[in-house]
Amino acid sequence: MKVYLSGEIHTDWREQIVEGAKDLDVTFSGPVTDHAASDDCGVAILGDEPNKYWHDHKGAMVNAIRTRHGIENADVVVVRFGEKYKQWNAAFDAGYAAALGKPMIVLSMPEHQHALKEVHAAALAVAEEPRQVVEVLRYVLTGKLPG
Amino acid sequence: MKVYLSGEIHTDWREQIVEGAKDLDVTFSGPVTDHAASDDCGVAILGDEPNKYWHDHKGAMVNAIRTRHGIENADVVVVRFGEKYKQWNAAFDAGYAAALGKPMIVLSMPEHQHALKEVHAAALAVAEEPRQVVEVLRYVLTGKLPG
Amino acid sequence: MKVYLSGEIHTDWREQIVEGAKDLDVTFSGPVTDHAASDDCGVAILGDEPNKYWHDHKGAMVNAIRTRHGIENADVVVVRFGEKYKQWNAAFDAGYAAALGKPMIVLSMPEHQHALKEVHAAALAVAEEPRQVVEVLRYVLTGKLPG
Amino acid sequence: MKVYLSGEIHTDWREQIVEGAKDLDVTFSGPVTDHAASDDCGVAILGDEPNKYWHDHKGAMVNAIRTRHGIENADVVVVRFGEKYKQWNAAFDAGYAAALGKPMIVLSMPEHQHALKEVHAAALAVAEEPRQVVEVLRYVLTGKLPG
Amino acid sequence: MKVYLSGEIHTDWREQIVEGAKDLDVTFSGPVTDHAASDDCGVAILGDEPNKYWHDHKGAMVNAIRTRHGIENADVVVVRFGEKYKQWNAAFDAGYAAALGKPMIVLSMPEHQHALKEVHAAALAVAEEPRQVVEVLRYVLTGKLPG
Amino acid sequence: MKVYLSGEIHTDWREQIVEGAKDLDVTFSGPVTDHAASDDCGVAILGDEPNKYWHDHKGAMVNAIRTRHGIENADVVVVRFGEKYKQWNAAFDAGYAAALGKPMIVLSMPEHQHALKEVHAAALAVAEEPRQVVEVLRYVLTGKLPG
Amino acid sequence: MKVYLSGEIHTDWREQIVEGAKDLDVTFSGPVTDHAASDDCGVAILGDEPNKYWHDHKGAMVNAIRTRHGIENADVVVVRFGEKYKQWNAAFDAGYAAALGKPMIVLSMPEHQHALKEVHAAALAVAEEPRQVVEVLRYVLTGKLPG
Amino acid sequence: MKVYLSGEIHTDWREQIVEGAKDLDVTFSGPVTDHAASDDCGVAILGDEPNKYWHDHKGAMVNAIRTRHGIENADVVVVRFGEKYKQWNAAFDAGYAAALGKPMIVLSMPEHQHALKEVHAAALAVAEEPRQVVEVLRYVLTGKLPG
């Protein structure tokens, strides 16, 4: 089963899930999580842009090669909303996954519940802890519940 | 060939088919057949719900991650209607498979013939015994008829 | 907005919805609700079948011309589960609509809640009364809530 | 041409666009913009939920009947990011529209440029003023530029 | 309801159906039935071809503009197999319609039953008389049976 | 590359192609070519039918599990029209493949040219000899021309 | 029938076709043919770009709102290759239309035959004169040949 | 990751990319690059055509078996516009890839910038050197930037 891990890149939630699921037949993918590389990939490869908008645009386009490929090839998409930043790219990925009919697991915090209600409504599972995402994947693949 | 075995979870029809087809190049999948786990997976992983509706809802959503993935990736879908219960999930899966254009084999009992006529009309084969499902799969894969 | 009304044909729930929504810009469709015609349409038009299975099959196929066209052209599908019968055709239609990504409203009874949990999990609204279906349609079209 | 106006519901940007485009052959649609109705539609119609999560969930699901229908039937989707709130539903709609291949116009503020770079990368036009959205629509429909 | 009438062009079966269905809300379409025009349309418009293969090819391509558009826009496809000729274009249209998931009615003769079994297996109704096609359409649209 | 070999089952054209392409990275599939098994598979497995129509129908439906799966999974579809019989199933497969956008190679005889013009118009190559089909496959895979 | 007229904007071929087809039930659409407006629409509406690449890019994106909508909604796409310029946008539109399965008519000059062979291979008709395009449309709609 | 290399066949850009990416998990495909074989494949295999148009047509059709399969199976499509020729096949492939939603990298020369603006507008990256294409692929697969 191919699982795409979208969203927040500043905490170790991906590592927790990958570690927790290491006994499962799952292949994980996700965006580039090196923040600097992700921001600068466009100009670093394709040439400088003095204008910040086009600097960002070129990078976002190059990153889209990876992210769209990742989402479109995934069997399950996990989207993480963390504590900080606008995180519109996470919500964008959630909408993208929903429109493709991908089963989606949202990993979010209780204080964001109301603001995320439209995103939650498109999810098949809403978790608060990476451990729960692992448990959902384990159940889905093996039928085993925790504990 | 990937075959999804949908429906009844209280008899050994899946085991009969898997055993009968063990010499064929078939990979079987299906829902979680541990009834208790299937009912409780949502709350066991994602948190309790005092309200029975949401208890069930959370579980049904988690199970849908597995069942939709299974049906969408199947080459052939077998749907079993057994003796007991409402079995609306079996009929739901049949409709889901039909809309996706999946070749469908229905395994049902003569006394349900009239009630299943719309489901049968969407099937490419209607069998009464697990053995017949195996024979259809063997014929489809090898061109060999029984006997 | 085109709304397909699937399921039970023995009570007046369709009439209640059509009447309640008569001020809305909605076009309703649904299966043939004349039970005898629905059962016999195949043989009445295309020739007798001594075998009950094929009698039913021919009818179910002819009815499928109408029902699949209706569901595929609908913007919203309402599926009603009533008190009696197996109602596998209703659950089949629900699965069909779900696989096509149609927004679905299920109209069902509290005592069927557990048995319908997989169907409910694919719905955007679960109602117990035809009046509520009308209210959902009115809200969706006009933004007005009841009362 | 059918244009769906997604996003912020607290300023009059929709009215400005509708007014500016009144001479064009455009039909506009969008979400319910009555904030209270939008939040409460689920429980108001389908029954109370003591738990805030399910209160919100029921409402988000009912709103999804309208919003998904609106986006899927649109020829062009405009997504507005305003000054306040998380606006994850706007970004979700943008992702949804992008995955469906809908031409998208984003209406956003310069200070959000970096945070919106992935959303902008999926857009065919990025505007800062409702007037510009009208001008894009006028140009697309008539070939006339402003001024 | 849009109905495409494919197949045989040497008898008046189309006229019989159109006449019989004149009280129904049906729009009929079909191929060009002027045999000479159909054979020569390619070279008559786009220039002579000394080689018979390309003469036929050019015509078949031009006719395909009409026939594919007709089948793809139809709600129901009727395919008629008559007494004479190879009629591979009729079988081709049947396969084309089947792959698109179009409800199909086959109008054929008892003596062709065995040779048409694969085509019949993809149909929702198999009729022997144009009158029966009209009756199916009438039932599908109005729920009324003949007699 | 997966190649489906549809059509005539009475000569050794499939063997010629498989033999000729044995050095190529091609996986071939096709219908069951045992004529008797193909005709009787439905009743042999799922129960006798006194009526010839339903005897044939059951068999055609079971065969469709194999043929539709084969065509839908193929990268290239080869359709052979031989000397004898109506061969409507071959033309049906050609239409089915065409509607799915599968690259198609038709293997036919000069005397059928006019009758096959609609089928040829949907093909990317029209060959008269199995050897030519092999040469097309070799060229497509390796860029090498014969001789 | 909706016909999209793609390609060259420097001669009156569109006017000739529209005039010639004025008695037919055809709705024509196409790109903006005011060359200056087409080049500058992006910056004129969405703000200046000192860099020529982004100047062009913004314009091309805005034009894409119109052209993709036009092609996706067309029943038939006509692509004109004229005497001058690179005309890569015309070939791009042809590829876009081909991938969507749109019936395509190419209007081109004999001296471009070899260079256009891949584009021609995706067309259902190749014409040299606007008059021929009208004649194809007339034949497709009415079955009448010229003269 | 599967990458299709479309376009110019007269310089060694493909070799440069394949060589540069030899440490990456990428499978490359592309058209036949033997110009003579590509031009003559149709007649060499399927029989001579005295008419140059059909000579070219037969070849273009056979090549389409390879190129469409290649593009449809690719995860990323790279389209190269070189110095010489009309290169309409490259632009056609770009449109084809765009309509299928394939992430596209265009490799072009500064002097073609204006003429390629519609093609660039459909690309996620525009490069001038094969080295940059390799760097994009490396970043997309590994997250590593050059230098």
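Order of writing sets the chain letters: A, B, C, D, E, F, G and H. Residues in each chain are counted from 1.
Just so we're on the same page, a residue touches a chain if its C-beta (ideal position, glycine included) is under 8 Å from a C-beta of that chain, and two chains touch if they have at least 3 such contacts.
Nothing here was measured: the structure is a model prediction, and the numbers come from that model.
Using CA-based centroids throughout, the chain positioned farthest away from chain D is F. Annotation: E-F is the more contact-rich of the chain pairs D-G and E-F, by number of C-beta pairs in contact.
As a whole-number value, the distance joining the C-alpha centres of chain F and chain G reads 37 Å. Distance between chain B and chain C, defined via averaged C-alpha coordinates, is recorded as 23 Å. Distance between chain A and chain H, defined via averaged C-alpha coordinates, is recorded as 31 Å. With centres taken as mean Cα positions, chain F sits 44 Å from chain A.
In chain A, the positions touching at least two other chains are 61, 64. By the touch rule above, chain B contacts chain C in their complex via residues 52-53, 56-57, 59-61, 63-64, 67, 81, 85-100, 112-122.
Chain B makes touch with chain F in their complex at residues 1, 75-76, 103, 105, 123-127, 132, 135-136, 139-141, 143-147.
Those residues of chain E that touch chain G in the shared complex are 32-34, 37-38, 40-42, 44-47, 58, 61-62, 64-66, 68-69, 73.
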